[in-house]
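Please read the structure below before turning to the comments.
By letter and in written order, the chains are A, B and C; residue numbering begins at 1 in each of them.
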Amino acid sequence: MDFELTEKQKLVRRKVRTFAEDILAPVAPVVDKELRFSWDTAKELSKINAWGIQMPEKYGGACLDSISFAITIEEISRVCPSTGLSLTVHNSVGAYPIYEWGSEEQKEKYLYAIASGKKLAAFTWTEPNAGSDAAGIESIAIEDGNYYILNGSKIFVTNGGVASVFLIGARYKRENGQKGIGVFIVEKDMDGLEIGNVEDKLGMRGSSTTSLYFHDIKIPKANVLGNISDGFKIAMQTLDVGRIGIAAQAVGVSQAAYELSVEYSKGRIQFNRPISQFQGVSFKLAEMATNIDAARLLVYRAANLRDKNKPFSKESAMCKYFASDVAKEVTKEAIQIHGGYGFMKDLALERFYRDAPVLSIYEGTNEIMKIIIARQILRGNL
Amino acid sequence: MKDLNQYRDVWVFVEIKDHVMVHPCALEILGKARELADDLNQNLVAIMLALDAEQYLPVIKEHGVDKIIYLSHLDLKHYHERIFTKIVYKLVKKYKPSIFLFPSTEAGNALSARVAYRCRTGLVNNVLNLELDTERGDLLLTDKPAYGGDIKVKIICPNTRPQMCTITPGTFKKKPVKKSNIELIKEEYSFDKDKLKIKIIGAPTRKDKPSATLSDAKFVIGGGAGLVSEENFNKIFKLAKYTNGQVGGTRRPIFNEWMPEHLQIGISGETIKPNLYLAFGISGAIQHVAGITDSDTIMAVNTDPNAPIFRAADYCIIGDANEIIDGLVKYYKIEE
Amino acid sequence: MYKIFVLLKQVPKSQNLQIDKNSGTLIRKNIETIINPDDLNGLELGLTIKEQYGGEVTAISMGPLQAKAALREALAMGVDHAILICDPQFAHSDTLQTTLVLKETFNKIKEYDIIITGRETSDSSTGQVPFQLSEALDIPLITDIFSFELENNIFLCQRNFGHESQNIKVNLPVLIRIGKHFNEPRHIPLLGIKKAFDKKIEIFNYECFDCPEYIDGCNKSPTQVVSIEKFYPKRKNEFLNGTITDKTQEVIEIMKDHGIERIYTGKEE
C-alpha cells in the first residue's frame, strides 16, 4: 500500500492550486457577498476541463481517477468552497449517473455538453416532506402514451438556478417506499418547469440553490434514466460517489482554515512572543493537522476502492461524516485562535466558518451516514 | 586563447545613450575600472562605437582612461547586433584585453553575451562588486546575486580571456580624474550589410522620452500590485512630481501598463540608492529587494502582515497603501 | 507546418534556500521545483503559434533526471513532444557550456523553424543563452516582440528595443526571446495532465552527439563559483501601529526627516 500520490496526482494538486489561487481567490469573497454564481469563473473552469474531471476524453472530459477528482475538489474548495460545491455536484451526481446508466442516445445528447461545461447539471431529490426519508418523495410522473407527466416540487437544489439538465427523482407508481421511483432527465426549457428564486443562505452563497416546481411537464420516455424501476438504487449509488466529493470539499475547507490559523499564530505577538509558542494554541494546531490528514486519507481510501470497482458505500459514508465534522470543528477552533480578528468580515476566515455547517447536512445528513455504516457493520461487514 | 599572459589591460565598453551622450553607467564603470587598472598596473581602455564619435571623447577623457579605441560611422549610430559584435570581437582578437566590462543595458548585455561566445570565455551579469583575487594571481573576482537574490556567489574566470562582466547602473560611482597622455586609436570601419538577415522596415519609432535616471534619485516611491488600478498608480506619479521624487515599481505595474518598463526596480531593472524609498503595495519578492538594499531608509506599506518586503524595510506599516497615498495627496495639497 | 521548439529550465522555487556549511553548496534536497517562470511565457507563445499557424511544439530542457517533471508539465500544457538533455558530462555547465550543448542538440535535430526562450532564469539570472545560441546556430535573435505574423516562412513582427519600436522582417529559422509581458500563460487543463503521462520524454545524452571533447560542464566551464553565501540585509523592521491617520502621519514625519518637502511647480492655487 503506497501512501504517496502518483506523479500525475501531485501535478493535479499543484496545477489546480495554482488555478484556484489565481482565478478563484479574487472572486470568492465577491460571490459570497453578492449571493451569485459566477459565469466568468464557470468559463475558466471549462478551459481546464473541471466540469468533466472523470468523463472520457471523447465527451470532452479529463478522464482522471477518483483520487485526482478528490484532489481537484479539495484544492478548489480550499479557495472557494461555493465553487467546489457547484463542481462536485455537477461532476459526481450530475454527469456520473448519465455516464453510468444512460443510454447511448442520452450520452450523445447530454454528456458532451455537460462534460465541457456548456450545460450544467443538477441532481434533485429532496422535497418539503422528504429529506432524510428519501423514499418519502411525493413528486409523481404518470405514464401517458410516450410520455410521463410530472407534477410536484423539489427544494434545496444545488445548481438549481444555473443548470440546464436536471435529474429528477419521482414516483411513477403510487406505491410507498423505495419501489416505484424512477429517475428522469428534465431539460430547463421543457414546458411546465418552474425554477424558484435563489435561496439566501448562511454559507456556500456563491452556489445557486433553488426550489423547482413541476406543472404537468411532458417528459419523453427516452428521458428515463436506466430502468425506470431502478430509480432508488440509482440515486443511492449516485450518492455514494457524490459523498466522496463532499468529503473532499470538507477537507479543502478545513485546510484553508488550518493554514490561516498557522500563519496567524506565527505572526500574532502577545506577552512578547508569537502565540504559536503557547501550547494552548499549538495543541489546537496539532489536533487540526491530525484530523485533516485523517479525513483526507479516508477520502482517498474511498476513492481508491471505487476505482478498483469494489464496494465502497460504507467507506464513502465514513469519509463524508468524518470530514464534515472535522471541517466544522476546525473552522470553529480557527476563529478562536484568531480571537477578535476571526470574527471580522475583513478576514476570509469567517466565510469558511459559515460554509462549513451544511457539509454535515447535504447529500445525506451525518446521521444517515451513521445509519449506513451501522447497517453494514451489523450485517457482518465490520 | 592559450597563453593567458598575452592578455593585458582593463577594457570598458562605453555605450552611447540615445545617440546624444555617453551612458552614465559606462562612466560609473570607468570609476571602478581605474582602481583595477591601478592595482594590476595595466592600462584602462575605453571602447566606443558611434556616429561622429569624436564628440564623446572629451567626456571619456575625464574619467581616468589611458587609451580610447573607437570607430565612427553612420552604421554605428544605433546599436546593431551583427555589426557591433563583429567589430568588438575583432578588436578583442587584435588587442587581447584581460578584463572587459560592459554596462548592464539591453545593448550591453546582448553584445557582451555574443562576444563572450565568440571568445569562448566566461561572462558574469549584474555583478555587485569587482575586486582582484590576489591569491589566485590577480584574477577578477565578481560578486553576484543568484537564486532570486537570496544568495550571493563569488565567481572567477581562471582559464579563458577576456574575463567579462556586465554591471548594473548605480552599482559604482563616477570618479572623474584625468590622466595625462591619453592615447587615441581610431580603427577603420567596414561591414558588408548585404549579409544581414534581419530587415528593419521603416524607421524605428520612439516610444517615450528618456527621463531622469532612477538610479540617481534621492527619493523614490515604488508602486506594486497592491495599488490595484492605474488611477491609483497615477497618484504616486503626482506625489513624486510634487516632492521631487522618482517613481519606480515592480513587474505587475509594467504588465498592467501603469508604468513603462525602464522604471522597473530590481535584478532585471534599476538599482536605486536613494536617501528614502517608499514601497507601496509591493510584496517584496527578492527580485525587487535586490535593487533597493542600498537605500538609506526603506519604508514599506502592505496589507499582508507576512509580506517579505517587511524583512527588508526599516519601517513597516500593515495597511492599505492606497489609503495612505490618499492621505499624503491631501496633506501635500496635490491637485487631482 | 512549423517546427517550434521551446527551451525551458527547471529551477528551485526560491524561498529560504539554505547553504550546506561543509561543502559550501546549495542544499537541494526537498526543495520544491518549478518551471522557470519566464519559460511559461515561452511555452504559451509556442502553443499560440501552433494554434494560429499549425505545427508541432517540442519542449526542450537540459538538466538532471528530475527535470522530467518540468517537461511533464510542459506536455500537460499542450506541447507535442519533450526532450530532456541529460548526462553527467553536462553537469555544472555554465552558460557557455550550455550553449555548446544546445548547439549540438539543434545540429542533431536538423530541422527547426522557430526556437523560443524566456528572458532569464530565476536562479542564475544570466540571460545570456538566447544571445549565445543565436551566435552558435548563426540564426537571428529577436527580443521583446509585442506583435507578430507568420507568412510563408517569413516572420514579421514589431518589437521594442530601448525607447524605440521597430518593424522587423526575417526569414525562418528564427530565435525568439519572449518578454514576460507579452502573454499570460494558460492554466493547465486536467485533460492535459492525463495526456502528459501517456507521452514519452526523449532523452539526449553525451553519446547522441558523438562525444565532442569540448563539452565538459565540470572541467571546461569558463566561469567557476568560488564561494556561496546567504544575503542578510540588516534593517530595523520596526512596525508602526495606529489608525490609518496615525500611519499616514508617520510617513509624513519620515519624509520630513529625510528633507523631503512639497516643491512648487509654478502653477499654484
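Just so we're on the same page, a residue touches a chain if its C-beta (ideal position, glycine included) is under 8 Å from a C-beta of that chain, and two chains touch if they have at least 3 such contacts.
These numbers come from a predicted model, not from an experiment.
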item: Smallest number of contact steps required from subunit A to reach subunit C; value: 1
item: Centre-most chain [mean C-alpha coordinates]; value: C
item: Interface with more contacting C-beta pairs, comparing B-C to A-B; value: B-C
item: Rounded Å distance, subunit A centre to subunit C centre (Cα mean); value: 40
item: Inter-centroid spacing, subunit C versus subunit B (mean Cα positions, whole Å); value: 20
item: Inter-chain centre distance, subunit A versus subunit B - centres from mean C-alpha coordinates, in Å; value: 55
item: Residues of subunit A that touch subunit C when the two form their complex; value: 7-8, 11-12, 15-16, 18-19, 22-23, 44, 47-50, 53, 57, 61-64, 68, 72
item: Contacting residues of subunit B [partner subunit A, same complex]; value: 305-306
item: Complex interface listing, subunit C residues touching subunit B; value: 12, 14-17, 19, 26, 94-96, 99, 119-120, 122-128, 130-132, 134-136, 139-143, 160-171, 180-181, 221-231, 233, 235-240, 244-245, 247-248, 250-252, 254-255, 258-263, 265, 269
item: Complex interface listing, subunit B residues touching subunit C; value: 18, 79, 81, 85, 106-107, 109-110, 113-114, 116-118, 120-126, 133, 141, 145-160, 197-202, 204-210, 219, 241-245, 251, 254-255, 261-262, 267-268, 275-276, 278, 286-287, 289-290, 293, 296-299, 301, 310-320, 323-324, 327-328, 331-334
item: Subunit C to subunit A touching residues, read off their complex; value: 69, 72-73, 76, 186-191, 193-194, 196-197
